[in-house]
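Chain IDs A, B and C follow the sequence of writing; residue 1 opens each chain.
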Amino acid sequence: MSIIVQLLINGIMAGSIYALIASGFSLIYSVAKFMHFAHGSVVTVSAFFLFLLVGILKFPFALGAILTVVFGALLGLLINLVCYKPLRNRKATNAVLLIASLALFIFFQSLMIALFGADIKTIRRGAISTGINIFGGIITELQIIIVIVSVVLLVLLWLFMKKTKIGKAMRAVADNKEVAQTVGINPEKIYNITFIVGSAIAGIAAVLIALEQNIEPNMGFSLIIKGFTGSIIGGISSVPGAVLGSYLLGLVENLGIWYLPSGYKDAIAFFLLFIFLLIRPQGILGLKKGVGAK
Amino acid sequence: MSDKNTDTILELRHVSKHFGGVKAVDKCSFYVRKGLITGLIGPNGAGKTTAFNVITGLLKVDNGKIIFMGEEITNKPTHAIARKGLARTFQHVRLFDNLSVEENMLLATQHPGENFFKSFVHTRKSGALKKKIKQVLELVGLHKPLTTLACDLSYGQKRLLELARALMMDYHLLMLDEPTAGVNPYIRKRLKILLRKLKREGKTILLIEHDMDFVMNLSDEVVVLDAGKKLMVDKPEKVRKDKRVLEAYLGK
Amino acid sequence: MIEAYLIHILILICIYIVLAVSLDLAVGFTGMLNMGHVAFFGIGAYTSALLVLAGVPFWIGLIAGAILAGIAGFILALPTSKLRGDYLALATLGFAFIIESFMKNWVSVTRGPLGLPGIPRPSFFGFTISSQLGYLIFAFIVMLICVLLIVKIEKSPFGRMLEAVRDDDVAAKTLGKNVRMTRSLGLIVSAFFAGIAGCLYAHYISFIDPTTFSLLEVILLFSIIIVGGLGSSKGAIVGTIILLILPEPLRFLGFPSSIVGPARQMLYALILLLIIYFKPKGLFGRVQLGET
């Protein structure tokens, strides 16, 4: 019994992290209409930035965290301006943008290895907590904070999209770019804002992951795959869908390794990704907008 | 029951196709008779191109039957339908842009070399095939070197190539979707002469057109669609004068 | 010393030429954005290695590797034939990750992350190709045969059909072509040759592990065919030569080896980005990436 509770807790924890990643990724996809694989790099580089500030330069943590989030937002914006925008101007298809994004991902991953080395870094925050016992499962205070922060952030994002003027403009561009232009919305400006918001969330995710787990150059890969998969499962052009899909993925993954060797954890995500792309590419909540058709 | 018309080459029976809430084709029934040129007209959104897509199997029907040469072809795969002798052209020209004029034409035939396992053996173009290609290109009036890439042709030439390619096929019914769209008057005239010639040779043609003069002058029968339904079928003179048709075009 | 190094590079070039030309068959000729090609490479390598290590003659290992890779191509083709563009890219990428996962976790067969050491050099008629130069000649001959076969396929009516399917699959259907089967065959043939490359690789390097067949390789392969230009075997060959030689000077610039590896990857990533932006048709390409 307590094993199940522990797996559920682990699943919710994982789901929270994936949801943060997936929400930013899905936000960018729904507005800019392509798969920003390099979103994973934004997380990785931000985490290393945090490590640089807090671990090496010994900044106070709170300051380091805030700077990291800002850094993440700016990095995402920079990627959009330097890499994607010029390609968009050349009418690149979203497949081309995906490939460019993959190249960027590799670039940043290798850059981190070159600058920081391939070994694992950690940011120690006090003694290792023993955690609280809930129905037989253990959860640490930090993990509870992470889940709460994730949920709060996702609610804020939802409110932002629904209630604010900018959020509505973003949804307009996501729905129909040409029509949005006719009412005076500047798509490029909206893309920039979308990247800033999505990447800021990635920055927050980086901070939380750096605290709870480790920092290493490869971390972005696993995260973006999970983010992807969560988005696809829930519905890639729907941010709530991406969140739903992420929690589902977190749960399935953790309950899944009850049966399978734990090394197959990532494979579960790949497998679900593959299956959903084949059978229900629009995801659980998504609309079938000529999926994959060009 | 129209099998009483043994000269019916294509029949739609109560065919419906909707997209979301929109009924593009709504319990539509009409038939095309052998050896005639049948025009398919109607205002924008009447369902003409959807009808074409449903007939050729590019779209699946929600309801109804489609019968071609006495055989039911409803929802069959497009390539199977094509092989039964249905050739078509598109509203927006579909050519193999990176291939040459000759290669586009060759692809209209079922070359034995296209079977992967035979591809190492059957690589040559037979003399008869080369001759036929030359003839058909002459027929439509495309005088460009065979090695010209399709993307390097002018708009009018592209249309001619697409038509020539369709003519290369072994077809019983030729379906043309707005063949005169955007072409100059010279080509339009040539097309009219060409289609009349094909009819004299016993071919059956179904064409969608917006150019009223063109279609009325050419067709033996005209099918009028409106809002996915068949409005009427009759000789061009009658259709031209019918009040309902005028209303359909000018809006209610 | 320098001779051994040159021969080593040349052998790798031969192997990657087979990989690049076969990938171009799928991407450039058939228009399928297959980012999972590295999976076929790996399956060929592991299959051949495992069989030969178990005592099976080399030729059988080679053919088995190629066939199994072809079957993997078939398995990938079936469900993905309806996907296009970025969804296809993603699904094929997912496939590659799944295969990599099996390599890492099916420890009883593949020894997982420990990899397979001691893969023997090919031997037939009692003669073993033990020298570097001997292997270069062998790899060159195999590469030549593979490239000639692929080019023959590309120039055949079947190849013409592949290109038609790439350029406009709807038109191809209305001309009576079975697009689904054509695409699948294109992928299967592409996979088959990648399997051969895998076998060549395994029996040369003598040690393989799951990390050899990762996302990094995908980027390299795509860089090669895009730089060379899609729809051109000549381009794939030239692209391979350029991209395998280009990062080599990094070795001699005095960087620590921990930097050379990542620097190489960064170089590939940058080249891919620059080519996509500045010259998307590449050197000899007949088709642009966005058109597939």
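Keep this in mind: contacts are C-beta pairs under 8 Å (C-beta built on N, C-alpha and C of every residue); 3 or more make two chains touch, one makes a residue touch a chain.
Please read these numbers as outputs of a predicted model, since none were measured by experiment.
Colleague: Give the fewest steps needed to get from chain A to chain C, where each step moves from one chain to a chain it touches.
Modeller: 1
Colleague: So which chain ends up closest to the centre of the protein, judged by Cα positions averaged per chain?
Modeller: The chain sitting closest to the overall C-alpha centre is C.
Colleague: Roughly how many whole angstrom separate the Cα centroids of chain A and chain C?
Modeller: 31
Colleague: Measuring from the mean C-alpha position of chain A to the mean C-alpha position of chain B, what distance in angstrom results?
Modeller: Centre-to-centre distance between chain A and chain B: 49 Å.
Colleague: Which whole number of Å gives the spacing of the CA centres of chain B and chain C?
Modeller: Measuring from centre to centre gives 42 Å for this pair.
Colleague: Could you please specify the touching residues of chain C with respect to chain A in the complex?
Modeller: Checking each residue of chain C against chain A gives 33, 35, 79-80, 82-91, 94-95, 97-98, 101-102, 104-105, 112, 215-216, 218-219, 222-223, 258-259, 261-263, 265-266, 268-270, 272-273, 276-277, 280, 289-290, 292.
Colleague: Sort out for me which residues of chain C touch chain B in the complex.
Modeller: 152-153, 155-161, 163-164, 166-168, 170-179, 185, 189, 231, 286-287, 291
Colleague: How about chain B: which of its residues touch chain C in the complex?
Modeller: 56-58, 77-79, 82-83, 87-88, 90, 94-99, 103, 106-108, 110-116, 119-120, 122-123, 165, 169
Colleague: State the interface residues of chain A toward chain C in the complex, per the touch definition above.
Modeller: Counting only chain A, the residues touching chain C are 34-35, 83, 86-87, 90-100, 102-104, 106-107, 109-111, 113-114, 117-118, 221, 225, 228, 232, 261, 263-264, 266-267, 270-271, 273-274, 277-278, 281, 291-294.
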